[in-house]
Structures are given as C-alpha cells and as structure tokens.
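Here come two complexes built around chain A, the first alongside chain B, the second alongside chain C.
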Partner chain A sequence: MAAEIARARSSAFHRVRQRLAEYPEAVAFISFLLIFVFFSLANENFLTPISISNILTFGSITGIVVVGVAMLMISGEFDLSVGSTFAVASYVFALTLNAGVPPVLSLLLALLVSLLLGAVNGLIVVYTRIPSFIATLGTMLAYRGIARAIGHGKFATYKGEHLFLFDVLNGSLDWLNHLFTPPAIFRLSIVWFFLIALGMTYVLLRTRYGNWVFATGGNRLGAYAQGVPVHKVLLVNFMLTGFLAGLAGVIQFAHRTSVDPLRGAGMELIAVAACVIGGVLLTGGYGTILGAVIGILTIQMLDQGLVLMQVPIQVFQAFVGLLIITAVVSNRYLARFAE
Partner chain B sequence: MDLKWNGEPPVVHMEGITKRFGSILALDNVDFTVERNQVMALLGDNGAGKSTLIKILTGVHKPTSGRIFFEGKEVNIESPKQARDLGIETVYQDLALVDLMSITRNFFLGRELVKHIGPLHWLDMHRMDAATREVLTDIGITVRSPRERVGKLSGGERQSVAIGRAMYFGAKLLILDEPTSALSVAETRRVLDHILEVKEKGLSVIFITHNVYHVYEVADAYTILRHGKKVGTYQRGELGVNDIAALITGEREK
Partner chain C sequence: MKSRFILAVFVLSLLAIIAVACAPAATPTPTPVPAKPTEAKPTPTQAKEMAPTPTPKEEKPAAAAPEEKRLKIIMVQHALCAWDSFWCTVEQGAKDAAAAMNVDLTILGPDKFDLEKTAALIDQAVAANPDGLAVTVTDPKLFKDPIMRALDAGIPVVGYNAGSGPEKDGIPYLTYIGQDEYQGGYQGGKRLIAAGAKKGVCINHQVGHAGLDARCNGFIDAFKEAGLEAEVLAITNDPAESQTIIDDYYTAHPDVDAFLTLGPNGANPFYAFVEARGLKPGDILHGTFDLSPEIEAHIKDGLTLFGIDQQPYLQGFGSVMWLTLVKRYGIMPALPVTPTGPGFVTKENVGVKPQPDKPLKLMFVQHALCAWDSFWCVVEKGIDVAAKQLNVDYTVLGPDKFDLEKTAALIDQAVAAKPDGLAVTVTDPKLFKDPIMRAIEAGIPVVGYNAGSGPEKDGIPYLTYIGMDEYQGGYQGGKRMIAAGAKKGVCINHQVGHAGLDARCNGFIDAFKEAGLEAEVLAITNDPAESQTIIDDYYTAHPDVNAFLTLGPNGANPFYAFMEARGLKAGDVIHGTFDLSPEIVAHVEDGTTLFAIDQQPFLQGYLSVVTLTLLQRQNISPALPVTPTGPGFVDKSNIALVKALAGTYR
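Then we have the complex of A and B:
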C-alpha cells in the first residue's frame, strides 16, 4: 500500500516534470514567481506602483535588445556588440538632432546605422565562418570605438526644445501614472517592448521564417540540405539584432536626452543572461521570446528588489550569476526528461 | 550540349566527375548512371568517395570537373534547393532531421504550407499536421502526435519519416545515405520495404552503403567505388554478394 502510494506519487511527479520540460520558459517562470513572492513579502515597498513601473520601464529598454538577441541565439549565434550598437545609435541620434537634422530623418539615420552595424556582424560571420562570439567580441570593441570617436569621448546632450518625437518613442504614460498616489512612472517604452516581443513571437512560431530560424540553430547542415537559406537567415537575424539594439538606444535617449561614452556597456551579457535564464539553449535551436522576456524582467526585478532591501549594488551581480547557474542546471534537469 | 541517348534517357548521368579538396583527390574521373525506376546501390568502403559523389549530385559540393545530366538534360546544380527543385530528394544519414523540432515542422521544412491575407502570411499548422499524420500512418509509424519532437523517435522511425517526406513531395530520384547502418534488423527490414514501395511508385533510388549485405536483395544494380575511382557497375545477378563484398574492400581487383 505504502509502496503503491509512493509509486503513484513519483509517477505524478514524473508527469509534472515531463509537462514542464515541454515549455522552455518553465524554469524562468517559476524562478520569476519565487523571486517576486520573496521580495513582495520581504519589503513593503516592492509591491507598489512606483517599484513595479520602475522595473518595467528600465527592463523594457534592455528587453527590446533581448528580443533580438534571443532570435539570434535560437538561430545558433551570439551578438556581443549590442551594447556598443546601442551607444552608436544614441550618439547618431543626439549629434544629428543637435546639428539641426529634422527629427524623423535623424531617427531613421540612427536606425539605419544600427541595421548596417548588424549587417557587418552578419557578413563577417557568414563569410569568414569564425564563431560569432569572437566576431562580435571584435565588433563590440570596434563599435564602442566608433561611439567614442563620433562623440569625442564626451557626453552628448540634446540642446533643442522638447520634441513630439520623444513622446512617440518614449513618452510618460501620464494618464496611467496619475491613477496612483504617489504617481507611478510607466513609460511608452513598455508598450513598444511588449509589441515587439509579441510580433517576434508571431514570427518565430507562426511564419516560415521562424521555422527556418529554429532549423538553422538546431541543425544547420540539415536545414541547408532541406533548402533553407541558412546564410540569409543568419544575416537577417544579425541585422534584426542590430536594429533592435539601436531602437532601444534611441528610445532610451528620447527619455534621458543625453548619452555617455559607456552607455550600454555590459548590456550584451545581461541580454545573454536573460535568454539563458529564459530557457534559450546556448547551442541554438531551442527557446522562446516569452522565456527571454521573463528572463530580463527577472533580472530587473532582482536589481530593484535588492536595491529596496538596501543590499549593495555590487551584490546584484552575484545574485544574477547565481540565478543563471541555477536556471541552467534546472533546465538541464528538465531537458533530460523531455526525451 | 546534350548527349544522344538510345531510347529513354537515364534519370541521372554523371560523366567524368573529378573532385579535389586541396591536394586530396576525392574523386577521379568517375562515371555514374541511374536508370529510370532503378534501385542503384552505391558501394564503397569509408573514404571511397560515395558521399562526395552524392554531395556533388545534390548541390552541396561543386565538382572540380565533369558534367551532370538529369533526365537527359545537362544541369548545373549549385545548391541543395536547386537539386530538390529538379526532383532529387536526399535522406542524409545524420543530418536529415532537426531533433529539437516537431515531426510536422521537420516534414515541411523549407516547403512550409502557409495561408495569406495580403502580405501577411502564417503557417497552416492544421493542414501540415494532417498531412504529416497521414503519411506517418501510411508508412506504419504510430506517434501520439505529429507535434512530438523528432528527438523522441527511434532511428528507424526517423529514417521512415525522412523517406516518407521524400515520397510525399513527389521526388523523381530518392537518395538514401547509409539508411540502415544504425538500425536494428527489424527496422532495416522496414526501410528496405519502403524502398521497394518507392520503386513501385515509379521512382529511382540511390542507396549508399559500405555494407552490400544491407542492400543486396533490393538493388537492381551495383556501382562500386574504391579510393575515389570507379571499380565498375554490375547488374543484379551478375555477381554474388561475396564477390561484391570482395570488390569493395579490394580483396578482388575486378
């Protein structure tokens, strides 16, 4: 009798584990909930409109970058240059605006440059066949150099009057914020982030291109043998990643209206961390945008929660490190039961 | 310029194929012909050049020199996609399927069915699932769902899925690269049955293997390669199975 109960229990446990293994974002979702509940109980200021809107407003900027990085990682490649592209786009936007270029043109120029920087990454990887980790480590430094050079190593601050374009890119959602006292700080970047994540989820799961992205990451030669244009997929994904990094840069600039030479530095690793926590396989072929979104929100929440608990900011990195390792170990554990 | 054929042209005629990788001569002036509705065994030891020859035919490699005729017309096959558009379907031993993707997504990879509204399109998963399920039932594989991941299938089931895919898309020539080398006896039997079914439907088959015992009973003809050179092509019944095995290893010269 006892043995039967034990068996029933273990098979129920096995079933749960098997169900969880079908969803790449399961571990991310569970850790997100656990950390959320923990901070909610541990600090009375955590579950407040200000704190939640702060997590979303900050998380959405890196989040837009993460969506591109996740697409790229699912196709089996890395982009370590996103933080530098983020800075270049911000500088191009700032400097052209200050030079009197019409705002919309200035925006398009910043986005075009980001797209080109992404294309350069893609061309290097496709044509030289060196690992993207190395290629984009190189361009990370090179693009950072470009950002410093065009900004003369100094801050660039927008000097004109407030632009309507800034409101479109990243206005404050005042009608929402004033529903709360004290007011929250929700911004439009959150909306852009969720729209982009939603759009990319659609592309990944419901279009031919999405099917090719998975195949390119899962079995590149096999995909090629089936007629999938794998080089085109990689090039497009690198361009997309560059574009989204630049877009995130200009969206942030629309809020802060200034940019410094180190803007975006370190973002590349946070983006990879968010993807890994979210269940995207480092080796490609597996993962979801939703997982990566949960991943970046978890990291941002950890940051916010630790600050509220007055834990020194340096400790934040240690926690993110711990979270990455825990997430990967748990994902491995689940994956063994997916077969 | 097209060659003159006596009667119907063969499905594939490769002539004087030479391939160098740097200083290594992988193929040395090899001729290779597959007739219509024929099961051709392509035999040779590891490194004999079988895979190189096939990868040239399927557009993965370009020959250093030589000509290829498909259904009597000279062709220049630049990519796997182009080979497939001609009607050449290949089931590679190790790179046929993407393990992390579902059976349906694998089945239609590169040829996904979509629905359109204007410029918007989306995958017609319903129709693809239904077709996949039908083919799987046809070739005698029972899976819980065509959305199951390919990684969960056995070696024999994967070969069957890949062969089923090639049949479904109406190939004229089916190339199987070592399809039975990792299979159990029962699974091998089933793959061989599929090959005979494919032939009954009027297709031609190239069956690549280093083990003649796997293919002896289903092949109509045998082409043997050794060290990048062609030893010869023999019709069924011309040589015994042990003679062919001896020719593959070089125990017998000709």
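Then we have the complex of A and C:
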C-alpha cells in the first residue's frame, strides 16, 4: 500500500517534472517567484512603487542587452564585448551631441557604430572560426580601448539643453510616477525593453529566421545539411547583439547624460548570468527570451531586495553566484527529461 | 539516487543563502595600505583631491581599539542645571555623549553666578589632569591664565556656549563650540529672501552688543548679496515704546516686507505691532532668534518663518565629542569656531520632542568602497565607530568599481528602503540631483559627505555637506605660517585651474593680505624635475620669500628636492602642505614641514552618523551648509598619534 502511494506520488512528481522540462524558463520563473515572495514577506518596503520601479527601470537597461545576448546564445555563440560596445555607443552619442551634430543623426551614428562593432565580432567568428568566447574577449578589450581613446579617458557629459530625443529614448513616465506618493521612477526604457523582448520572442518563435537560430545553435552540422544559412544567421545575431548593446547605451545616456570610461564594464557577465538563470543553454539551441528577461529581473530584484534587507554590499555578488549555480543545477536536472 | 543528490545540493544552497543573509555584517578589515598613495578618481564636474593614505611603517601590534580606552573629561561652566534650567539641556548633551563614547564626565560649576569661583574651578580641574577640558569662556581675561595652565599641562581644551573663538579671546584653545551669531543673521536673511523678501529690517533691541550687531550684519550682508536692501532699526527694552518705533518705521517704509528680531525682547513688541495693525501671516515675513512660547505659537500659525536656536544640547554633546576625537585619534576641529547654531526651528520641526532611544536605520551611498580603495576604509571606520557608539543600524552601499551611474542607482535603491537618514557623496551633482531629490521628497534627511560643495553650489537642498573646506585650509594654513614668522608667502599650485586647489591658494593669499603681507601663486607641473627647477628659479628671483605652501605630495616632493639641492635646513624657510604621505609625515617629524593639512576622512563618516542621528533623536539641525571636517592640522603635537593610526583612523 505504502509502496503504491509512493509510486503514485513519484509518478505525479515525474509528470510535473516532465511538464516543467518543456518550458526552459520554468526554473527561472520558480526562482523569480520564490525570491519575490521571500522579499515581499521579509521586508515591508519591497512591494512599494519605488522599489518595483527601481527594479524595472535599472533592470531594463541591462535587459535590452540581455535580449541580444540571449538570441546569440541560442544560436550557440557568446558576446563578451557588449559592455564595451555599450560604452562606445554612449561616447559616440555624447561626443557628437556636444560637437553640435543634430540629435537624430547622433543617435543614428551611435547605433550604426554599435552595429559595425557587432558585425566585426560576427566576421571574426565566422571567417576565422575562433571560438566566440575568445574572439569577443579580444574585442571586449579592443572596444573598451576605443571608448577610452575617443573619450580621452575622461567623462563625457552632455552640455546642451534638454533634448526632446532624450524623452523619446528614456523619458520619465511622470503621469504614472505621480500616481504614487512618494513618486515612483518608472521610465520609458521599461517600455522599450518589453517591446524589444516581445519582438524578439516573435522572431524566435514565429519566423523562419527563428527556426534557423535554433538550428544553428542546436546542431550546426545538421543545420548546414538542411541548407540553413548558418554564417548569415551568426553574422546577423552578432550585429543584433551589438546594436542592442549600443541602443541600451544611448537609452541610459538619455537619462543620465554622462558617461565614464568604465561604463558597462562587467555587464557582459551579468547578461550571460541572466540568460543562464533564464534557462538558456550555454551550448545553444535551447532557451527563450522570456527566460532571459525573467533572469535579469531576478538579478535586479535580488540587488534591490538585498539593499532593503540591509545586507552588507560585500556579499551581494555571492548571492548572484548562488542563484546562478542553483538555477543551472535545477535546469540540468529538468533538461534530462526534455530529451 | 542521483536526483536525490541534486535535490540535496539545491536545498543546501538555499540554506547557505539564508545563513549568509542572517550572518552579521561583514566588517571590512583594512589591510596595511600599500605604499602607493591612492588618488581620488576623477569626477566630471569637480575632481576633489583626496588625501593619499599614509603607509603604516610596520605591523601594528593588536592593541585594544582606541574606543576601548576610557577617557576622563571635565567640563567647567559658569552656571549649572541645578539653578539655571538652560544648562540642563547642555548637560544632557554632554552626558549622552559621555555615555556613548566611553567617557568619565565631570561637570563643574559655581552654586551661583560667580566667575571668580568658575576660574578657580578651572584650576582645580587642571589639577585632576583630565584627558580633556571644556570651558565656558565667559570672561576671557579672567579665564586666560587658568586655561593657559591647562594647555601648558598638555590638556586639550575647547570652549563652549560662551566665548568668541581662540583668536578673539586671545587664548589658543582648540575651538569654540557655540552659536555663530553672524551666520545666524546671514542664514536667516537667506531664508527670508528665499521666501520672497524684497526689503529687510533687523530689529535690534540692544545696539552696541557685539553678538546682536553681528546678527544684524549677517542679515544685511545676505540682502546685499542678493542685490536687495536691508537696514537696522534700534528699539529699546520697553515693549510699548518698541512697538511704537516699529509701527512708525513701517508707516515710513511700507515696502519693507522682511523683519528679523533678535530674541523675545524684539519678537514680543513685533507681535503686538502685527496684531495692532491687523497684519496676517503672509502679509509680511518674520524670523527671529531664540524660542519662547509666543514665538513657538507664531511659528505654528505661520506668522514667524523660523526661530533660530543655539542648540545647547549640541554644545554639551560637541564638547565631549571633540575632546574625545582629539585625544583618541588626533583629529582636530577644522575651524576656530565650531558652530552649534543657527539651528532653524520651523513649522516642520517646532515642538518635536527628543526621542533619545529611537531606533535608527541609516544608509550611506558612496562612489567608492574600502574593498577597492583604501582611502574609504578610514571613512567607513568613522561610520562604524559612530554607529556603534550611538547604537544605530547602518548600511554602506557603493559600486564594485568607480561607476557613478551605478552609484546614482544605489541612491534610488537606498531610498526604497526608507532609511531614517541618508548620507551621499555628491560626486556628480548633476547626475545625483534627481535621486537625492527623491529622497528629500520622501521625507528622508540627506547629508552630503566627502565629495560635494554644499547644498547651494550643488543646487540640491540637502542638509549640509560634511567634508573639507578648501578655502579655509589655505586661510588657516596661511595664518599659522604668519604666526610662525612668515614675511612673504608663495602658494605652489601643481594644477592651476582646479577649483579646489585654487580655493586653497586664495585662502592662503587672503590670510597674508589680512596681515598686511604679500603672497602669490607659483604654478608648477606634474613633472617633479621640472617643478623643482621652477621652484628653484623662483627662489633665486625672490630670495625674500620665506613661506611655502604646497597643495599635496605633487608639490611637496619637488619642494623637498629643491630644499635638499639648495642645502636649506629646517628653520631656514617655513613650509606647510596639504595631505599626508610618507615623505610629508617624515618631514613633519623632523620639523622641516610646519604642518600637513588633512581632510580627516574618519570625521566625514563619523560626523555623518552623528549629524543624522542627532537630527532624528534630538531635533538638532546642522548649523551651516558646509560642516567642515578639514583643515585638520597635523603637526608635531599630534604626528605620533596620526602615524600610529594611519590607515585605520587617519
């Protein structure tokens, strides 16, 4: 009798586990919920407009970068240069604006440069067949050098009048913020982030290109055999990643209006961490944008929650580390059932 | 079997998370500092030069922390709580500070107003050989000899409540802790102007009284600076007569809309005049010194914008605190006068009762951390020591590398935690303005520390900036050199155009000008050899210059090279410098360098905690927009202590 119950239980457990395995973002979602519930219960200031808007506003900038990195990782490649591209785009935007270039042109220039930096990554990986981890490790340093060189190692601060373009890129959502007392800090970057994430989800799940991305990451030889333009997919994904990193850079600049030589450093690893927490496999071919989005929001939520809990800032990184390990272990545990 | 193992790992990690979360705050243990001085990171609007941390020469023995050594402090005052209730607040402040700071406190005073007896008490206190002595300098002439005997015995002395500062009193005690009358009038004037004043009058009930005149002068200067007019109106001690004088004045000058009274003796006739005329709150602006039941009632009904309090609690608290800091860490009060007032009592804080045991949660957001910039270990030590003494919870937040964007985000994250007080390095006023404004709008008291220029220059209405006063550094330094015999001075500036360094030179030159002497700026470069030549050539052309101020190691090192090359000895010329470095410390010890000026980073952290805590618990507001932590002079008198504590407290 007892054995039967145990079997029934275990089969129920198996079913749940199998169901969960169908969703790459399941673990991310569960850990998100667990952490969310924990902070909500543990600290009375967590479920407040300020704290929630902090998480979304600060998370959305890295989030835009994460969307690109997730696409790239699903196609089986890394980009460690996103933080540097982020800085280069901010500098190009800042310096051209200060030089009197029309704002829209400045923006296009900054985005074009990031697209080019992404293309360089793609070309190196496709034509030299160096692993992208190594190739973009190199360009991470090289692009950082570009940012420091064009900025002469100094801060670049926008000196002109407030631009309407800044409001378009990352205006404060005052009508929303002033619904609360004290006011929240929701910004337009959140909207851009979710639109980009939705768009990329659509591309990934509903278009032929999306299929190519999965094929390229999952089984590259098979993809070649089936006529998937693997090189083109990789090149486009690298360009997309660079573009989104640059876009995130200018969006942040539109809010802060200054950039420093180290801006964005460390962002590349946070982006990879978000993807990994979100269930994107390092080996490619498996994962969702939604998972990566949940991943970055979980990290940002942890960041805010630990401040509220008055945890010493020295151990913040330890928490993110534990989160990553826990998520990967759980993901692998589930992934065995997905096969 | 395998899945069980994975499950166990999962549970264990969760447990580990919880364990870490519940662990007590990890205290950063500052390791001995490498010999390379840590330079401040560049900031966009202003690059504040930070003092390089001196290197501890050898491993210090694991001695007890300076806080654990019990100190004996004696206060001698001309009145006592027992027969003058004003003094109960002073004594309470002193007792609270003594209890928090591990100090044995004795308060001495005569049984009635008796200055001769008070002077005798000072001598009796000196005989007890205390670690520190605080004295009301009620009669500088009478008290000079006893105070000099204390100073000669090596006892640190501060003045409190009564006095005019060491210079005016002619007694070289450390600092006077009390109301700054001029600033009271000046800051009061500014508040009235901000509220819309167009023309002001200072109603003085005792023209000729130095303190009251200083208040009016400050008031008039504030108006002049704003391009507005203000004047003094003399009234008498007769309320009815005074009311008539004010009324007649108002008839003759109906355009006057701002009135400052200097105490109840001015405020009461003013209230009678307002009532007789049928004026309403809003028709005119009124501010006053002191508090009384009438004044408090009118602050509540909006007629009176503010009452200026000298904050007696802070006079007692500050006396014990400063003597403790001097004795334990060699930390010096920055200025000859350490103001406890003007403390503004407004509609927001009138009648707030002290809550001495209120639990507090403070947050600090700074652009660097001890973890990667050893300068900040000293600041964080100051925060930690003060928080433990005052029993408050605190969290220090900062980015993992120099990252102002992340720092700005951390301010917002800290605001979400609704702390009882927030201290922020105002490294980039433009970038930090919005987050700091959100904190202020959320009702969180905010102070700036280490980096910033004060609420006015930064354009952010935080309470006060706790950091180095660059101009005063040069000015006080110049005065010391003049006292040591300087005839002609030169300020050796290694980065002309840097606002902070230029301010130091301006202060230095002003001190010489005031003494009727000459001084000028000499620009050098960052190339030591070239700089040495420039200094050498200058000395050849101006052999009569005998006082040299350098603005940091970048100036001091080429200067030392110049002295050596020229064969100049200690005593041939007078040298003072900013900052501490191993070379500078060595030259202060051998007498070549008269003093080194320190921004006292420990004090930046310490005073941030004290300021926010006293505000929340005792309703005490900072007196001035800038609360200077420096110039902290390091000279032969405290170099040994400073050297011993380098890297942790200094």
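Heads up, the rule we're going with is that the second predicted complex is superposed on the first by the 339 of 339 C-alpha atoms of A that agree within 3 Å, B and C clash if a C-alpha of one lies under 4 Å from a C-alpha of the other, contacts with A are read in each partner's own complex, and residues count from 1 in each chain.
Keep in mind that, in the parts below, a contact is a pair of C-beta atoms (placed from the backbone, for glycine too) under 8 Å apart; a residue touches a chain by one contact, two chains touch by 3 or more.
Every value quoted in this text rests on a predicted model; they were computed, and no experiment measured them.
Participant: Counting only touches as set out at the top, which of chain B and chain C does A:N54 meet: first, second, both, neither?
Facilitator: second
Participant: Residues of chain A touched by chain B versus by chain C: which partner has the larger set?
Facilitator: C
Participant: Identify the partner contact of A:A265: answer first if only chain B is touched, second if only chain C is, both if each is, neither if none is.
Facilitator: In the superposed model, A:A265 contacts chain C only, not chain B.
Participant: Go through the superposed model and pick first if A:L141 touches only chain B, second if only chain C, both, or neither.
Facilitator: neither
Participant: Return first, second, both or neither, reflecting whether A:V228 touches chain B, chain C, both chains, or no partner chain.
Facilitator: It touches chain B, and chain C stays clear.
Participant: Per the contact definition in the header, classify A:A12: touching chain B only (first), chain C only (second), both, or neither.
Facilitator: A:A12 sits against neither chain B nor chain C.
Participant: Of the partners chain B and chain C, which touch A:L179 in the superposed model: first, second, both, neither?
Facilitator: So A:L179 meets neither chain B nor chain C here.
Participant: Could you say whether A:Q310 touches chain B, chain C, both of them, or neither, answering first, second, both or neither?
Facilitator: second
Participant: Mind pulling up the chain B residues that touch chain A in the complex?
Facilitator: 58, 60, 79-81, 84, 90, 92, 95-101, 105, 108-112, 114, 121-123, 149, 151-152
Participant: What part of chain A is in contact with chain B in the complex they form?
Facilitator: Against chain B, chain A makes touches at 202, 206-208, 210-212, 214-215, 218-219, 221-229, 281, 285-286, 338-339.
Participant: In the complex of these two chains, what residues of chain C are touching chain A?
Facilitator: 3, 6, 9-10, 13-14, 16-17, 20-21, 23, 25-26, 28, 42-45, 361, 369, 371, 393, 395-398, 400-405, 408-410, 412-418, 428, 430-431, 438, 441-443
Participant: Can you list the residues on chain A that touch chain C in the complex?
Facilitator: 43, 45, 48, 50-51, 54, 57-58, 154-155, 157, 182-183, 185, 252, 256-258, 260, 262-263, 265-266, 303-304, 307-315, 317-319, 322, 325-326, 329-330, 333
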